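Paired with chain B in one complex and with chain C in the other, chain A is shared by the two complexes that follow.
Here is the complex of A and B:
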(Lines of atoms letter the chains of each structure in order from A and count residues from 1; the text may use other names and numbers.)
(Lines give C-alpha, C1' and ligand atoms only; values in the text may rest on other atoms or scores of the structure.)
Protein backbone atom coordinates (compact mmCIF):
# COMPACT_ATOMS: atom_id res chain seq x y z
CA UNK A 1 0.00 0.00 0.00
CA UNK A 2 1.43 3.39 -0.92
CA UNK A 3 1.04 6.45 1.23
CA UNK A 4 -0.39 9.41 -0.60
CA UNK A 5 0.47 12.83 0.65
CA UNK A 6 -3.13 13.68 1.41
CA UNK A 7 -4.59 11.77 4.33
CA UNK A 8 -1.39 9.74 4.90
CA UNK A 9 -2.22 9.14 8.57
CA UNK A 10 -5.30 7.18 7.45
CA UNK A 11 -3.21 4.75 5.40
CA UNK A 12 -0.66 4.36 8.18
CA UNK A 13 -3.26 3.78 10.91
CA UNK A 14 -5.09 1.29 8.68
CA UNK A 15 -1.85 -0.60 8.03
CA UNK A 16 -1.36 -0.78 11.81
CA UNK A 17 -4.89 -2.12 12.30
CA UNK A 18 -4.39 -4.71 9.56
CA UNK A 19 -1.05 -5.84 10.97
CA UNK A 20 -2.42 -6.13 14.49
CA UNK A 21 -5.47 -7.98 13.20
CA UNK A 22 -3.17 -10.52 11.55
CA UNK A 23 -1.10 -10.68 14.74
CA UNK A 24 -4.25 -11.54 16.67
CA UNK A 25 -5.00 -14.28 14.15
CA UNK A 26 -1.57 -15.81 14.79
CA UNK A 27 -2.01 -15.53 18.57
CA UNK A 28 -5.39 -17.26 18.36
CA UNK A 29 -3.79 -20.04 16.32
CA UNK A 30 -1.13 -20.41 19.03
CA UNK A 31 -3.73 -20.55 21.80
CA UNK A 32 -6.03 -22.91 19.91
CA UNK A 33 -3.10 -25.26 19.27
CA UNK A 34 -1.49 -24.95 22.68
CA UNK A 35 -2.02 -28.72 23.26
CA UNK A 36 -1.80 -29.96 19.66
CA UNK A 37 0.62 -32.87 19.73
CA UNK A 38 0.35 -33.50 15.99
CA UNK A 39 0.51 -30.56 13.60
CA UNK A 40 0.23 -32.65 10.45
CA UNK A 41 3.55 -34.45 10.06
CA UNK A 42 3.57 -36.17 13.45
CA UNK A 43 5.44 -33.24 14.98
CA UNK A 44 3.86 -31.08 17.68
CA UNK A 45 2.61 -27.62 16.74
CA UNK A 46 5.28 -24.96 16.98
CA UNK A 47 4.35 -21.54 18.27
CA UNK A 48 4.26 -18.95 15.49
CA UNK A 49 5.77 -15.55 15.81
CA UNK A 50 4.94 -12.44 13.75
CA UNK A 51 7.74 -10.21 12.53
CA UNK A 52 6.77 -6.71 11.53
CA UNK A 53 8.65 -4.35 9.28
CA UNK A 54 8.16 -0.91 7.77
CA UNK A 55 7.08 -0.65 4.14
CA UNK A 56 9.63 2.00 3.28
CA UNK A 57 12.30 4.11 4.91
CA UNK A 58 11.26 6.98 7.15
CA UNK A 59 7.56 7.67 7.74
CA UNK A 60 5.95 4.44 6.70
CA UNK A 61 3.03 2.09 7.14
CA UNK A 62 3.72 -1.22 8.86
CA UNK A 63 3.45 -4.61 7.20
CA UNK A 64 4.08 -8.18 8.21
CA UNK A 65 7.51 -9.30 7.10
CA UNK A 66 7.06 -12.96 7.90
CA UNK A 67 5.42 -15.41 10.25
CA UNK A 68 8.07 -17.76 11.58
CA UNK A 69 7.94 -20.79 13.87
CA UNK A 70 9.44 -20.26 17.31
CA UNK A 71 12.48 -22.54 17.60
CA UNK A 72 12.54 -22.69 21.40
CA UNK A 73 12.36 -26.11 23.08
CA UNK A 74 9.09 -28.04 22.96
CA UNK A 75 7.50 -29.07 26.25
CA UNK A 76 8.06 -32.61 27.51
CA UNK A 77 5.30 -33.72 29.83
CA UNK A 78 4.94 -36.94 31.82
CA UNK A 79 1.68 -38.61 30.75
CA UNK A 80 2.11 -42.42 30.67
CA UNK A 81 -1.54 -43.06 29.86
CA UNK A 82 -1.37 -41.15 26.59
CA UNK A 83 -1.23 -43.39 23.50
CA UNK A 84 1.39 -41.03 22.05
CA UNK A 85 3.67 -41.39 25.11
CA UNK A 86 7.22 -42.65 24.49
CA UNK A 87 8.94 -45.51 26.38
CA UNK A 88 9.60 -43.31 29.41
CA UNK A 89 5.95 -42.17 29.49
CA UNK A 90 6.54 -38.66 28.20
CA UNK A 91 4.72 -36.83 25.44
CA UNK A 92 5.99 -33.83 23.50
CA UNK A 93 3.69 -30.82 23.47
CA UNK A 94 3.94 -27.45 21.69
CA UNK A 95 6.16 -24.66 22.98
CA UNK A 96 3.10 -22.47 23.47
CA UNK A 97 2.71 -20.86 26.88
CA UNK A 98 -0.82 -19.58 27.24
CA UNK A 99 -0.02 -16.76 29.74
CA UNK A 100 2.60 -15.41 27.32
CA UNK A 101 0.07 -15.56 24.48
CA UNK A 102 -2.53 -13.78 26.58
CA UNK A 103 0.00 -11.03 27.25
CA UNK A 104 0.75 -10.75 23.54
CA UNK A 105 -2.99 -10.66 22.86
CA UNK A 106 -3.36 -7.69 25.22
CA UNK A 107 -0.52 -5.89 23.45
CA UNK A 108 -1.99 -6.62 20.04
CA UNK A 109 -5.50 -5.51 20.94
CA UNK A 110 -4.23 -2.35 22.67
CA UNK A 111 -2.15 -1.58 19.61
CA UNK A 112 -5.17 -2.11 17.38
CA UNK A 113 -7.15 0.28 19.59
CA UNK A 114 -4.34 2.82 19.48
CA UNK A 115 -4.38 2.79 15.68
CA UNK A 116 -8.16 3.14 15.68
CA UNK A 117 -7.78 6.08 18.08
CA UNK A 118 -5.35 7.74 15.65
CA UNK A 119 -7.88 7.28 12.89
CA UNK A 120 -10.62 8.84 15.00
CA UNK A 121 -8.48 11.74 16.14
CA UNK A 122 -7.29 12.42 12.62
CA UNK A 123 -10.89 12.42 11.43
CA UNK A 124 -11.64 15.11 14.04
CA UNK A 125 -8.66 17.13 12.85
CA UNK A 126 -9.78 17.03 9.22
CA UNK A 127 -13.31 17.96 10.26
CA UNK A 128 -11.88 20.97 12.09
CA UNK A 129 -10.10 22.04 8.92
CA UNK A 130 -13.23 21.53 6.86
CA UNK A 131 -15.14 23.71 9.33
CA UNK A 132 -12.99 26.60 8.11
CA UNK A 133 -14.56 26.21 4.68
CA UNK A 134 -18.01 27.01 5.96
CA UNK B 1 -4.51 34.62 -21.52
CA UNK B 2 -5.02 31.25 -19.84
CA UNK B 3 -8.42 29.67 -20.08
CA UNK B 4 -10.56 30.30 -17.01
CA UNK B 5 -10.99 27.12 -14.97
CA UNK B 6 -14.54 25.91 -14.62
CA UNK B 7 -14.47 25.48 -10.84
CA UNK B 8 -18.09 24.37 -10.53
CA UNK B 9 -17.58 21.79 -13.28
CA UNK B 10 -14.41 20.46 -11.70
CA UNK B 11 -16.02 20.19 -8.26
CA UNK B 12 -18.98 18.44 -9.84
CA UNK B 13 -16.66 15.93 -11.51
CA UNK B 14 -14.95 15.39 -8.17
CA UNK B 15 -18.20 14.84 -6.30
CA UNK B 16 -19.33 12.41 -9.00
CA UNK B 17 -16.07 10.48 -8.62
CA UNK B 18 -16.44 10.31 -4.83
CA UNK B 19 -19.98 9.04 -5.24
CA UNK B 20 -18.79 6.26 -7.53
CA UNK B 21 -16.01 5.46 -5.09
CA UNK B 22 -18.48 5.34 -2.20
CA UNK B 23 -20.53 2.84 -4.19
CA UNK B 24 -17.54 0.60 -4.87
CA UNK B 25 -16.57 0.70 -1.18
CA UNK B 26 -20.13 -0.26 -0.23
CA UNK B 27 -19.94 -3.14 -2.71
CA UNK B 28 -16.58 -4.24 -1.27
CA UNK B 29 -17.88 -4.22 2.30
CA UNK B 30 -21.09 -6.00 1.31
CA UNK B 31 -18.96 -8.73 -0.27
CA UNK B 32 -16.57 -9.00 2.68
CA UNK B 33 -17.02 -12.77 2.83
CA UNK B 34 -18.20 -13.58 -0.70
CA UNK B 35 -15.95 -16.36 -2.04
CA UNK B 36 -13.95 -15.28 -5.07
CA UNK B 37 -14.94 -11.62 -4.87
CA UNK B 38 -12.11 -9.23 -5.77
CA UNK B 39 -12.21 -5.70 -4.40
CA UNK B 40 -12.95 -2.82 -6.74
CA UNK B 41 -11.29 0.55 -6.78
CA UNK B 42 -11.87 3.82 -8.62
CA UNK B 43 -9.35 5.63 -10.77
CA UNK B 44 -10.06 9.34 -11.04
CA UNK B 45 -7.28 11.62 -9.76
CA UNK B 46 -4.76 10.27 -12.28
CA UNK B 47 -7.20 10.76 -15.15
CA UNK B 48 -8.00 14.27 -13.95
CA UNK B 49 -4.32 15.15 -13.66
CA UNK B 50 -3.74 13.85 -17.18
CA UNK B 51 -6.64 15.91 -18.53
CA UNK B 52 -5.42 19.05 -16.74
CA UNK B 53 -1.85 18.61 -17.99
CA UNK B 54 -2.99 18.09 -21.56
CA UNK B 55 -3.72 21.84 -21.62
CA UNK B 56 -7.42 21.50 -22.31
CA UNK B 57 -8.94 22.63 -19.04
CA UNK B 58 -12.41 22.33 -20.55
CA UNK B 59 -11.92 18.55 -20.98
CA UNK B 60 -11.08 18.14 -17.30
CA UNK B 61 -14.71 18.59 -16.26
CA UNK B 62 -15.69 15.69 -18.54
CA UNK B 63 -13.40 13.20 -16.81
CA UNK B 64 -15.37 10.16 -15.75
CA UNK B 65 -14.29 7.96 -12.81
CA UNK B 66 -13.18 4.51 -13.88
CA UNK B 67 -13.88 1.38 -11.84
CA UNK B 68 -11.06 -1.17 -11.92
CA UNK B 69 -9.87 -4.25 -10.10
CA UNK B 70 -6.50 -3.69 -8.44
CA UNK B 71 -4.08 -6.60 -8.72
CA UNK B 72 -1.65 -7.76 -6.09
CA UNK B 73 -3.83 -7.53 -3.00
CA UNK B 74 -3.37 -10.53 -0.71
CA UNK B 75 -6.08 -13.15 -1.22
CA UNK B 76 -7.82 -14.87 1.67
CA UNK B 77 -8.35 -18.64 1.57
CA UNK B 78 -11.76 -18.20 -0.11
CA UNK B 79 -10.27 -16.21 -2.99
CA UNK B 80 -11.58 -12.93 -1.61
CA UNK B 81 -9.28 -9.96 -1.03
CA UNK B 82 -11.48 -7.48 0.85
CA UNK B 83 -10.10 -6.19 4.13
CA UNK B 84 -12.52 -4.37 6.39
CA UNK B 85 -9.96 -2.00 7.95
CA UNK B 86 -8.72 -0.95 4.55
CA UNK B 87 -12.23 -0.24 3.28
CA UNK B 88 -12.98 1.82 6.37
CA UNK B 89 -9.82 3.85 5.76
CA UNK B 90 -10.81 4.37 2.14
CA UNK B 91 -14.30 5.39 3.18
CA UNK B 92 -12.91 7.90 5.66
CA UNK B 93 -10.64 9.48 3.04
CA UNK B 94 -13.52 9.51 0.60
CA UNK B 95 -15.81 11.31 2.99
CA UNK B 96 -13.09 13.90 3.74
CA UNK B 97 -12.73 14.69 0.07
CA UNK B 98 -16.47 14.69 -0.51
CA UNK B 99 -17.02 17.13 2.38
CA UNK B 100 -14.25 19.41 1.08
CA UNK B 101 -15.70 19.44 -2.43
CA UNK B 102 -19.25 20.09 -1.28
CA UNK B 103 -18.13 22.92 0.96
CA UNK B 104 -16.05 24.47 -1.80
CA UNK B 105 -19.03 24.23 -4.10
CA UNK B 106 -21.18 26.00 -1.53
CA UNK B 107 -18.53 28.71 -1.19
CA UNK B 108 -18.54 29.15 -4.94
CA UNK B 109 -22.34 29.43 -5.07
CA UNK B 110 -22.25 31.97 -2.23
CA UNK B 111 -19.76 33.97 -4.26
CA UNK B 112 -22.05 33.91 -7.31
CA UNK B 113 -24.96 34.90 -5.14
CA UNK B 114 -22.98 37.86 -3.80
CA UNK B 115 -22.20 38.91 -7.35
CA UNK B 116 -25.90 38.76 -8.26
CA UNK B 117 -27.28 40.55 -5.23
CA UNK B 118 -24.72 43.35 -5.41
CA UNK B 119 -26.60 44.77 -8.42
CA UNK B 120 -29.77 45.32 -6.48
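Here is the complex of A and C:
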Protein backbone atom coordinates (compact mmCIF):
# COMPACT_ATOMS: atom_id res chain seq x y z
CA UNK A 1 0.00 0.00 0.00
CA UNK A 2 1.42 3.36 -0.99
CA UNK A 3 1.00 5.95 1.69
CA UNK A 4 2.53 9.03 0.10
CA UNK A 5 -0.51 9.97 -1.88
CA UNK A 6 -3.62 12.00 -1.29
CA UNK A 7 -5.60 8.98 -0.12
CA UNK A 8 -3.02 7.92 2.47
CA UNK A 9 -4.81 9.50 5.43
CA UNK A 10 -8.10 7.97 4.29
CA UNK A 11 -6.59 4.49 4.12
CA UNK A 12 -4.82 4.83 7.45
CA UNK A 13 -7.86 6.20 9.29
CA UNK A 14 -10.07 3.47 7.83
CA UNK A 15 -7.54 0.81 8.84
CA UNK A 16 -7.67 2.20 12.39
CA UNK A 17 -11.46 2.08 12.38
CA UNK A 18 -11.41 -1.49 11.10
CA UNK A 19 -8.83 -2.59 13.69
CA UNK A 20 -10.74 -0.98 16.55
CA UNK A 21 -13.95 -2.58 15.31
CA UNK A 22 -12.24 -5.95 15.46
CA UNK A 23 -10.94 -5.10 18.93
CA UNK A 24 -14.50 -4.36 19.99
CA UNK A 25 -15.57 -7.73 18.61
CA UNK A 26 -12.98 -9.46 20.79
CA UNK A 27 -14.06 -7.45 23.85
CA UNK A 28 -17.69 -8.40 23.25
CA UNK A 29 -16.65 -12.04 23.04
CA UNK A 30 -14.81 -11.70 26.35
CA UNK A 31 -17.78 -10.10 28.07
CA UNK A 32 -20.31 -12.52 26.61
CA UNK A 33 -18.19 -15.44 27.78
CA UNK A 34 -17.23 -14.01 31.16
CA UNK A 35 -19.08 -16.92 32.83
CA UNK A 36 -18.52 -19.64 30.26
CA UNK A 37 -17.22 -22.65 32.14
CA UNK A 38 -16.94 -24.79 29.03
CA UNK A 39 -15.44 -23.36 25.88
CA UNK A 40 -14.87 -26.70 24.17
CA UNK A 41 -12.70 -29.57 25.45
CA UNK A 42 -14.16 -28.97 28.92
CA UNK A 43 -11.83 -26.02 29.50
CA UNK A 44 -13.18 -22.65 30.67
CA UNK A 45 -13.10 -19.75 28.26
CA UNK A 46 -9.82 -17.85 28.27
CA UNK A 47 -9.86 -14.12 27.84
CA UNK A 48 -8.66 -13.08 24.36
CA UNK A 49 -6.33 -10.21 23.75
CA UNK A 50 -5.69 -8.34 20.49
CA UNK A 51 -2.18 -7.46 19.35
CA UNK A 52 -1.89 -4.71 16.77
CA UNK A 53 0.96 -4.13 14.39
CA UNK A 54 1.81 -1.80 11.53
CA UNK A 55 1.48 -3.00 7.96
CA UNK A 56 4.92 -1.69 7.02
CA UNK A 57 7.75 0.35 8.46
CA UNK A 58 7.31 4.07 8.95
CA UNK A 59 4.00 5.74 8.09
CA UNK A 60 1.63 2.85 7.88
CA UNK A 61 -1.92 1.64 8.39
CA UNK A 62 -2.58 -0.56 11.39
CA UNK A 63 -3.65 -4.18 11.21
CA UNK A 64 -4.26 -6.97 13.69
CA UNK A 65 -1.20 -9.14 14.21
CA UNK A 66 -2.86 -11.88 16.21
CA UNK A 67 -5.54 -12.61 18.79
CA UNK A 68 -3.99 -14.54 21.65
CA UNK A 69 -5.53 -16.12 24.74
CA UNK A 70 -4.62 -14.53 28.05
CA UNK A 71 -2.64 -17.15 30.01
CA UNK A 72 -3.23 -15.60 33.43
CA UNK A 73 -4.79 -17.72 36.19
CA UNK A 74 -8.44 -18.71 35.84
CA UNK A 75 -10.87 -17.77 38.59
CA UNK A 76 -11.68 -20.42 41.20
CA UNK A 77 -15.02 -19.79 42.81
CA UNK A 78 -16.76 -21.67 45.63
CA UNK A 79 -20.10 -22.95 44.37
CA UNK A 80 -20.92 -26.37 45.88
CA UNK A 81 -24.39 -26.52 44.29
CA UNK A 82 -22.96 -26.37 40.79
CA UNK A 83 -22.99 -29.72 38.96
CA UNK A 84 -19.54 -28.89 37.58
CA UNK A 85 -18.06 -28.30 41.03
CA UNK A 86 -15.07 -30.41 42.05
CA UNK A 87 -14.69 -32.38 45.30
CA UNK A 88 -13.97 -29.25 47.33
CA UNK A 89 -17.04 -27.47 45.89
CA UNK A 90 -15.11 -25.07 43.61
CA UNK A 91 -15.73 -24.33 39.96
CA UNK A 92 -13.24 -22.86 37.51
CA UNK A 93 -14.44 -19.77 35.68
CA UNK A 94 -12.81 -17.69 32.91
CA UNK A 95 -10.13 -15.12 33.69
CA UNK A 96 -12.35 -12.36 32.33
CA UNK A 97 -12.71 -9.33 34.59
CA UNK A 98 -15.63 -7.23 33.41
CA UNK A 99 -14.29 -3.88 34.75
CA UNK A 100 -11.08 -4.44 32.78
CA UNK A 101 -13.09 -5.22 29.68
CA UNK A 102 -15.13 -2.06 30.17
CA UNK A 103 -11.92 -0.03 30.27
CA UNK A 104 -10.72 -1.72 27.10
CA UNK A 105 -14.11 -1.04 25.54
CA UNK A 106 -13.82 2.67 26.33
CA UNK A 107 -10.33 2.76 24.84
CA UNK A 108 -11.49 0.98 21.69
CA UNK A 109 -14.53 3.16 21.17
CA UNK A 110 -12.60 6.39 21.78
CA UNK A 111 -9.91 5.22 19.41
CA UNK A 112 -12.55 4.45 16.80
CA UNK A 113 -13.98 7.93 17.26
CA UNK A 114 -10.52 9.45 16.92
CA UNK A 115 -9.95 7.66 13.62
CA UNK A 116 -13.35 8.77 12.36
CA UNK A 117 -12.48 12.34 13.38
CA UNK A 118 -9.22 12.11 11.41
CA UNK A 119 -11.13 10.99 8.34
CA UNK A 120 -13.63 13.81 8.66
CA UNK A 121 -10.96 16.43 9.31
CA UNK A 122 -8.91 15.27 6.35
CA UNK A 123 -11.91 15.53 4.05
CA UNK A 124 -12.44 19.07 5.33
CA UNK A 125 -8.78 19.83 4.67
CA UNK A 126 -9.08 18.70 1.05
CA UNK A 127 -12.24 20.77 0.67
CA UNK A 128 -10.40 23.81 2.02
CA UNK A 129 -7.70 23.24 -0.57
CA UNK A 130 -10.27 22.99 -3.34
CA UNK A 131 -11.84 26.23 -2.15
CA UNK A 132 -8.64 27.90 -3.33
CA UNK A 133 -9.47 26.87 -6.88
CA UNK A 134 -12.54 29.06 -6.88
CA UNK B 1 5.39 14.02 11.75
CA UNK B 2 3.64 12.87 8.62
CA UNK B 3 5.28 14.23 5.53
CA UNK B 4 2.20 15.45 3.70
CA UNK B 5 2.77 15.81 0.01
CA UNK B 6 0.76 18.81 -1.15
CA UNK B 7 1.12 17.79 -4.79
CA UNK B 8 -1.89 15.67 -5.58
CA UNK B 9 0.02 12.74 -6.96
CA UNK B 10 -2.88 10.90 -8.49
CA UNK B 11 -3.74 14.10 -10.34
CA UNK B 12 -0.21 14.35 -11.68
CA UNK B 13 -0.19 10.71 -12.67
CA UNK B 14 -3.41 11.02 -14.56
CA UNK B 15 -1.84 11.69 -17.99
CA UNK B 16 0.09 8.41 -17.79
CA UNK B 17 -3.11 6.41 -17.36
CA UNK B 18 -4.80 7.63 -20.51
CA UNK B 19 -7.90 5.55 -21.07
CA UNK B 20 -9.86 6.37 -24.21
CA UNK B 21 -10.32 9.54 -26.27
CA UNK B 22 -13.43 11.65 -25.98
CA UNK B 23 -14.16 10.60 -22.42
CA UNK B 24 -15.25 14.09 -21.40
CA UNK B 25 -17.48 15.71 -24.03
CA UNK B 26 -18.59 18.63 -21.89
CA UNK B 27 -15.02 19.64 -21.11
CA UNK B 28 -13.53 18.63 -24.42
CA UNK B 29 -16.03 20.70 -26.41
CA UNK B 30 -14.28 24.05 -25.79
CA UNK B 31 -11.15 22.63 -27.41
CA UNK B 32 -12.70 22.67 -30.86
CA UNK B 33 -12.73 26.47 -31.26
CA UNK B 34 -9.58 26.80 -29.19
CA UNK B 35 -7.51 24.47 -31.37
CA UNK B 36 -8.99 25.95 -34.52
CA UNK B 37 -7.70 29.46 -33.85
CA UNK B 38 -4.02 28.59 -34.05
CA UNK B 39 -1.07 26.72 -32.63
CA UNK B 40 -0.69 28.95 -29.54
CA UNK B 41 -3.13 26.88 -27.48
CA UNK B 42 -1.46 23.53 -26.81
CA UNK B 43 -1.05 24.36 -23.11
CA UNK B 44 -4.74 24.89 -22.53
CA UNK B 45 -5.52 21.89 -24.68
CA UNK B 46 -3.18 19.64 -22.72
CA UNK B 47 -4.72 20.85 -19.48
CA UNK B 48 -8.14 19.83 -20.77
CA UNK B 49 -6.80 16.52 -22.01
CA UNK B 50 -5.28 15.86 -18.59
CA UNK B 51 -8.65 16.57 -17.01
CA UNK B 52 -10.28 14.22 -19.52
CA UNK B 53 -7.86 11.47 -18.60
CA UNK B 54 -8.50 12.08 -14.92
CA UNK B 55 -12.19 11.45 -15.58
CA UNK B 56 -11.60 7.75 -16.16
CA UNK B 57 -9.79 7.47 -12.83
CA UNK B 58 -12.63 9.26 -11.05
CA UNK B 59 -15.09 6.97 -12.80
CA UNK B 60 -13.16 3.91 -11.58
CA UNK B 61 -13.39 5.17 -8.00
CA UNK B 62 -17.10 5.91 -8.38
CA UNK B 63 -17.69 2.41 -9.76
CA UNK B 64 -15.72 0.91 -6.87
CA UNK B 65 -17.77 2.85 -4.33
CA UNK B 66 -21.02 1.79 -6.04
CA UNK B 67 -19.87 -1.83 -6.04
CA UNK B 68 -18.97 -1.72 -2.35
CA UNK B 69 -22.37 -0.24 -1.48
CA UNK B 70 -24.05 -2.97 -3.53
CA UNK B 71 -21.99 -5.64 -1.78
CA UNK B 72 -22.96 -4.22 1.61
CA UNK B 73 -26.66 -4.08 0.77
CA UNK B 74 -26.77 -7.55 -0.75
CA UNK B 75 -24.92 -8.99 2.23
CA UNK B 76 -21.88 -10.07 0.20
CA UNK B 77 -19.66 -7.96 2.40
CA UNK B 78 -20.18 -6.88 6.01
CA UNK B 79 -17.27 -4.47 6.21
CA UNK B 80 -18.84 -1.04 6.46
CA UNK B 81 -15.44 0.64 6.82
CA UNK B 82 -14.54 -0.50 3.30
CA UNK B 83 -17.64 1.29 2.06
CA UNK B 84 -16.66 4.41 4.00
CA UNK B 85 -13.18 4.29 2.47
CA UNK B 86 -14.42 3.80 -1.09
CA UNK B 87 -17.05 6.52 -0.78
CA UNK B 88 -14.59 8.98 0.78
CA UNK B 89 -12.11 8.43 -2.05
CA UNK B 90 -14.76 8.76 -4.73
CA UNK B 91 -16.10 11.91 -3.07
CA UNK B 92 -12.72 13.61 -2.80
CA UNK B 93 -11.63 12.76 -6.32
CA UNK B 94 -14.95 13.88 -7.77
CA UNK B 95 -14.66 17.21 -5.95
CA UNK B 96 -11.17 17.66 -7.37
CA UNK B 97 -12.48 16.93 -10.87
CA UNK B 98 -15.38 19.36 -10.53
CA UNK B 99 -13.06 22.06 -9.18
CA UNK B 100 -10.62 21.65 -12.06
CA UNK B 101 -13.41 21.51 -14.62
CA UNK B 102 -15.00 24.70 -13.29
CA UNK B 103 -11.66 26.44 -13.41
CA UNK B 104 -11.00 25.35 -16.98
CA UNK B 105 -14.43 26.45 -18.17
CA UNK B 106 -14.02 29.76 -16.41
CA UNK B 107 -10.65 30.27 -18.10
CA UNK B 108 -12.16 29.40 -21.49
CA UNK B 109 -15.08 31.78 -21.01
CA UNK B 110 -12.82 34.60 -19.93
CA UNK B 111 -10.66 34.05 -22.98
CA UNK B 112 -13.66 33.96 -25.31
CA UNK B 113 -15.15 37.13 -23.84
CA UNK B 114 -11.93 39.03 -24.41
CA UNK B 115 -12.71 42.02 -26.68
CA UNK B 116 -10.65 41.81 -29.86
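Criterion: the second predicted complex is superposed on the first by the 130 of 134 C-alpha atoms of A that agree within 3 Å, B and C clash if a C-alpha of one lies under 4 Å from a C-alpha of the other, contacts with A are read in each partner's own complex, and residues count from 1 in each chain.
Operating definition for what follows: contacts are C-beta pairs under 8 Å (C-beta built on N, C-alpha and C of every residue); 3 or more make two chains touch, one makes a residue touch a chain.
In this text the structure is predicted, and so the values were computed from the model without any measurement.
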{"item": "Partners on chain A (chain B, chain C) - clash or fit", "value": "clash"}
{"item": "Partner chain(s) touched by A:59 [first = chain B, second = chain C, both, neither]", "value": "second"}
{"item": "First, second, both or neither for A:134, with chain B first and chain C second", "value": "both"}
{"item": "Chain B versus chain C as contact partner of A:87, first or second or both or neither", "value": "neither"}
{"item": "Partner chain in contact with A:51 - chain B first, chain C second, else both or neither", "value": "neither"}
{"item": "Partner chain(s) touched by A:73 [first = chain B, second = chain C, both, neither]", "value": "neither"}
{"item": "Doubly contacted chain A residues - partners chain C and chain B", "value": "6-7, 10-11, 14, 17-18, 21, 119, 123, 126-127, 130, 133-134"}
{"item": "Chain B - residues contacting chain A, complex", "value": "83, 85-86, 88-89, 92-93, 96, 99-100, 103-104, 107"}
{"item": "Parts of chain A lying in touch with chain B, wherever the complex brings them together", "value": "1, 6-7, 10-11, 13-14, 17-18, 21, 119, 123, 126-127, 130, 133-134"}
{"item": "Interface residues, chain A side, partner chain C - complex", "value": "4-7, 9-11, 14, 17-18, 21, 59, 119, 123, 126-127, 130, 133-134"}
{"item": "Parts of chain C lying in touch with chain A, wherever the complex brings them together", "value": "2-3, 5, 8-11, 79, 81-82, 84-85, 88-89, 91-92, 95-96, 99-100, 102-103"}
